[in-house]
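You will see chain A twice below: alongside chain B first, and alongside chain C after that.
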Partner chain A sequence: MKQIQLITLLFFFLLLSGCVEREILDEIILMEGIGFDYVEGGDITGTILYPDYKKETEPENVTYSATGEIMKTILQDIERQAARPIAFGSLEIVIFDLELAKKRGILDLIDAFQRDPAIGSGIYLAISENKAKELFKGEYGLRGNARFISMLIDHNIRHEDLPKTNLQRFMGDFYQQGKTPYLPLIKQNSKTKIELSGVALLKYGKIVDVVSNEQSFFFKLLADKYSNGLHRVEVDGKEAAVQSIISTNRFELTSRDPLHITVHIKIGGTINEFTGNKLTDSFIKKIEKKFEKEIQKHCTQLIKRFQEKEIDPIGFGHFVKSKTRNFDFNQWWDSEYSQMEVTIKPVVTIDEEGIIE
Partner chain B sequence: MKRKKQSVQSIKTVFTKSQDYKRICYENKITKLTFTLTFLTTVTDEKIVRDHILPFLLENEWTKLEDVKSILPIEDLQLTDDTSQIEKKLLNGFVMLTLEKEQQYCFISAKKENIRNITVPEVEFSVIGPKEAFVESLSENLNLIRKRLQVKELIVEQLEVGTLSKTNIVLLYLDGITNEANINTMRQRIKDLEVDHIADSSYIVQMISDNQNSPFPQFLDTERPDRVAATLSEGKVVLLVDGSPHAIIGPVTIVEFFSAFEDYFLNWILASFFRLIRFFAVAFSVLVTPIYVATLTYHYELIPQDLIGILVTSRRAVPFPPIIEALFLELTIELLREAGARLPTKVGQTIGIVGGIVIGTASVEAGLTSNVLLIFVALAALASFTTPVYRIGNTIRLLRFPFLLVGDIWGLIGISLCFSFLLTHMIRLTSLGRPYLEPIYPPRLQDFKDAFIRLPFYKQSKRPNQLRTKKASRFDRKNVIKKVKKDIDE
Partner chain C sequence: MNRGVVMNKPIPEQKKVAPFMLFYIVASIQIGVGILSFQRDLVKVTGYDGWISIIINGIGTIILIWMIVQMTTTIEGDLLDIVSFSLGKWISKLIGLFYMLYFSLFSITVLRNYVEMIQVWMFPKLPIFWFSLVILLLVLYVVYGGFRTVAGISFFSFFLPMYIFPLFLFTVPHADFTNLLPIFDHSVKELFFGSYQMSLSILGFESILFVYPFLKEPKKAIKWAYLAIIFTISIYLYLALLSFSYFSEAQLVKNHWPTLTMWKIIRLPFVERFEYIGIATWCLIVLPNICISLWIASRLAKQIFFIRQKQALLFISGIVLIVTSMIMKRSQVLFVSQLLGKIGFFANYCFIPILYFITMFAKKVKKQ
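Presenting the complex of A and B:
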């Protein structure tokens, strides 16, 4: 009896094996990047990018484009041009063109990505100032364009001023009513060069504002827990480059009526470069004070700007909600957010100023 | 009486057909007594007959068989009237002395023994430690063990198996330490054996295994007398088979197959490290090609981006799906191993080179296999050689193939399914009725002291829980831990 059970079990297992789709690595197109461009009349041009691996040389960047109304029709058109099935699993980067983000919004396009189980939530979304089709046609480096762009973003998150972002965070920010999402902004300089040109702030899938590179250090202090950026401070005509090693931010609800929030920012840093002669302790104190002042000024400016444009990439709404019973979002966005007062209290400590005394 | 006569007669008629059967009549020089010596020239030492038996029988004065005992310088002398013994004794190398008038038979031991010299262990060679290995002679092997365990508690029980081979089997255990149930089970299993011929201890190992349909060896066989002595003192049961240079040890657990005896000669930190490497190597050896096949066929998402380029370019020219490619290479390696094992050493080496270098690189260049897989398969083969016990190495060789097939059919789900089947099988296995997967299942925390890692000797004061020995403690731990010095030069 037991044996009969086992045999039937194995039999059905074998039958079931037909249900799994085989995707043999070298017999599929490993799409690494996909980009969407705005076309006059409301349609979208989708471009997929995949690396065609060559022995002992850099992979060749191959792109296929098609125009359609929703993503699936675009992909269907692209499949008609391809010799092998297109697989989504190694997707690294999704690019939206700036015009699309301004005029049509990107939300309905992102939806497909969060539904596909093959796509990881760690992929990067970015907005490009150029057309995605053109961006993908460049030649940026060693491992193919998609890898290059995703490495560029990854590197800037880890070592520079770009606050953490990926599909997971974007969706989290989007579904969180007390927060609005942000995405990195990319610009193509030439056929072989691209650069990060700022942080795009979105609301309901449409771009509302852009934080410039100069201010993104301060934006990261507010929006992200850990900052590793570099900032120049000028004191008495001498310039010092302060590298932040450690930074934490803590929000404090100082009063409810009127609504007042204090943001404590702590930075531990080192001085990487100094144009003066001697760095005395008193001078370091001065640099610290100056740096604190600058943080205060820029951060307050940023928050004022966000309040005016009715976006909240820092997540004050979420913070206040977590402290308030029966929180009402409608009321928050209608009046409370724009009237909210924010005080920045930065503390900068410079721990090191170089090894040679 | 008549029937006895007949049976003696029938023995004689059967034996006379053999060319080595000798029956010679002599006459004593003093008493003129005629006596007959019967023996088989092939199993008796003619030198003993010529130098130690005949001269004494011819020149001394004796009339009865009883007298022989006092004149012969041979200790093993038996007087009997039991005719059923004749056949056995003659075949065992005894010389039968008979007198016309007496109904008794006198058996004089004159065994011819060809003993190979004791050599260095070949299968379980170790750089450090004793270099003695068992030989084919039972008495010699017993001597090697007795030398190492000089206590009266070491019991040597004799058993016999095989209607044709009449193989002597010796059951060894330490009285007062080894669990009675283990001894009884082992003895009963040997006694219950119904077989005509035993060629080697490997026959016994297979026949007395708890589950004979399992690819896993359920008894450890070793050629090292030091290992046998060590396991005996742990409380295990040991079998020695006459004519076989391997002792059988039981009950054992799976982890013992991955522990080389050399582990005990090395410092415990080093030994533990090497043991862990071995476990890792085995897991790698079994799973690496199945995982390769599964990921390349179904789960390309799992491959790190930087690796994809390498994999794709190496597989681009290969016309087969990953499973065919993997089977081709795995079978090639197995072929090489079989060919190398069957051929004489000198030719075997050339086969290894031809196979390893020529077939490997040629098949990559011809585009039959990818070079990434070639590396994996070669590493897996290398890793499977790290097992210190030959038997488990063979098991590992085999285990790879079902994994490979399910990896192709159901991907990683199939591999984990196959693994759970394997685990279920291993949990159900027993060795002499004791759990095979101990100390993992059932969990015995105490026995982890000598499983995946080997803790220092002062921690090994207890005998393994699994053996349920009569005396759990090996030595008093308190005496081992010495007074701590207050300063380094005190």
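Presenting the complex of A and C:
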């Protein structure tokens, strides 16, 4: 009796294994990047990028492009050009061209990425100053272009001035009523070089403003709980490069009427480079003071700018909401946000100065 | 005389299970498919205050368990004994029939939801019928082994998938815990409605009413029942707090399976997408759900219609298989789930308290 049961069970398992579609790695295209470009007239050109692995050489970057209205029709067109089915599972990077992000908005294109269960929420979205099609055709690294771009973003989040970003954070910020999302902005310098050129700030899927590389250090101080990065401070004609090792920010609601928020920023850093002769304690004090002043100036400027453009990438709205019961977002965006006063209170401590005086 | 004995022969000692097994039975039937999407319905009503609703619901459920324990220990029997003691034999058959259908619907809902999950997340072409057939064959195999095997399966299905729960912590680096503030941003009415929504997800503890006669030293098992509720409530709280801080409110409402979507952030060097492993593991969580509910349904059929439990089980599984394969669309799956939720709410949160008061009253009257 037991044996018969076991045999029937095994029989059905064998039967069932034929019920679903097989996907063998060598017989599919593992798309790693996808890009969208604006075309005159409102259509979009989509370009997919995948590495074609060959024996003993670097993978070749292969791209396919098609033009259409929504992402899936573009993909359908691309499938018509491809010899193997395209799989989404290892997608790493989605690029939107700047013109598209300015004129048409990118929201309707992102829907498909959220909806597809095969796509992770840790993928990076980025905006490119060049056409995505051109961007993908370059040769940037040994591991394929998509890997290179995603590693570039990852590295800059971990060690430099780019605040944390990925698909989940972008969508989370978008759906959060008291916040607007941001995305990294990249630029192709030559056929083999790309660079991060700033942070794009969006509202309803369209680019409203761009934070330049010079200011992205200050932007990260505000937008990200922890950050590191390098900033150059000039005191008495001598320059010092201060590397922030740990930094934290804390928001405080100092008064409700009129609305006033204090942002406490704490930085602990070391001096990496100094053009003067000797670093004395009193001079380090001066550098700290100067650095604090600059943080104050730049951060206040940034916030003023955000208020004018009615965007809130830092999430002040969300912060005030978390302190207020029955919070009214309509009123917030109508009047409160633009009238809000923000004071920045930075504290910089330079603990180390490298291995020489 | 105790009239319950008319219907039930006492259970032989070798068919009973140790008291602590009640913990695994209750915990494993409570954690099923509801846990994958409960945040969504909760947030629709209570926003980020949903966790308060979970606690309210937990307290309510503990009170219900207390009532169940009071009834089972005074009557020393299962639900049918209790009802026939307080309301008479015929009503007990009617109630038994109701619970039989309810537990059959329970297994249909769990099975169909699981199949849907596989279809959407992994294999769109998976045929409902064949997959359900294989799962049900497995369930038949388990339930044929008797109650001890069913309890054993729930024991394993509790421990084997345990590794899944710490994996949700991958969301913490992207979480914003200030989302939870301000606390009590919703009215008491909304919070209670939220805990009603919650009650749909933690159905299953009423199984205590049916497994009671199968416990050795039932008095010792009581504390395990309470512990099981505390355990499931804390699992739900844990997932709620993580998903509330990870998703923003509108985003959470958009997601069909927030618990699964949280896994999308996981990226391990050896596996690109964790959901595939997770959903496969979920089979182990779903299995005891179906086993226990079909065991209860078939046992009720045995008690009501005086047929052999194995025959009843075959018949009920056949119906479950047919109904499961007839549910085609997502809207229908949702409809069945909501139907089960409503019936379950009535069966647990309305019927059990009423039965409790009637039983206590009947006991007093009979004493005099």
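The criterion applied here is as follows: the second predicted complex is superposed on the first by the 337 of 357 C-alpha atoms of A that agree within 3 Å, B and C clash if a C-alpha of one lies under 4 Å from a C-alpha of the other, contacts with A are read in each partner's own complex, and residues count from 1 in each chain.
Note that a contact is a pair of C-beta atoms (placed from the backbone, for glycine too) under 8 Å apart; a residue touches a chain by one contact, two chains touch by 3 or more.
Fair warning: this is a prediction, and the values are worked out from it, not measured in the lab.
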item	value
Contacts of A:L25 with chain B and chain C, given as first, second, both or neither	first
Which superposed partner A:K304 touches (first chain B, second chain C, both, neither)	neither
Partner chain(s) touched by A:R147 [first = chain B, second = chain C, both, neither]	first
Partner chain(s) touched by A:K54 [first = chain B, second = chain C, both, neither]	first
Which partner, chain B or chain C, touches more chain A residues	C
A:A118 touches, of chain B and chain C: first, second, both or neither?	both
First (chain B), second (chain C), both or neither touched by A:S90	both
Contacts of A:Q176 with chain B and chain C, given as first, second, both or neither	second
Which of chain B and chain C A:R158 touches, first, second, both or neither	neither
Set intersection of chain A contacts, chain C complex versus chain B complex	13, 16, 20, 89-90, 118, 120
Residues on chain A engaged by chain C in the complex (per definition of touch)	5, 8-9, 12-13, 15-16, 19-21, 89-90, 114, 117-122, 164, 166, 168-169, 171-177, 179, 318-319, 321-327
Chain B residues within the chain A interface of the complex	295-298, 300-301, 303, 305-306, 308-309, 311-313, 315-316, 318, 321-322, 409-411
Residue ranges of chain A in contact with chain B within the complex	13-14, 16-17, 20, 22-26, 28, 30, 32, 51, 53-55, 59, 87, 89-90, 92, 118, 120, 143, 147
Partner chain A, residues of chain C touching it in the complex	120-123, 125-127, 130-131, 133-134, 137-138, 141, 174, 176, 178-182, 184-185, 246-251, 254, 261, 264-265, 267, 272-273, 275
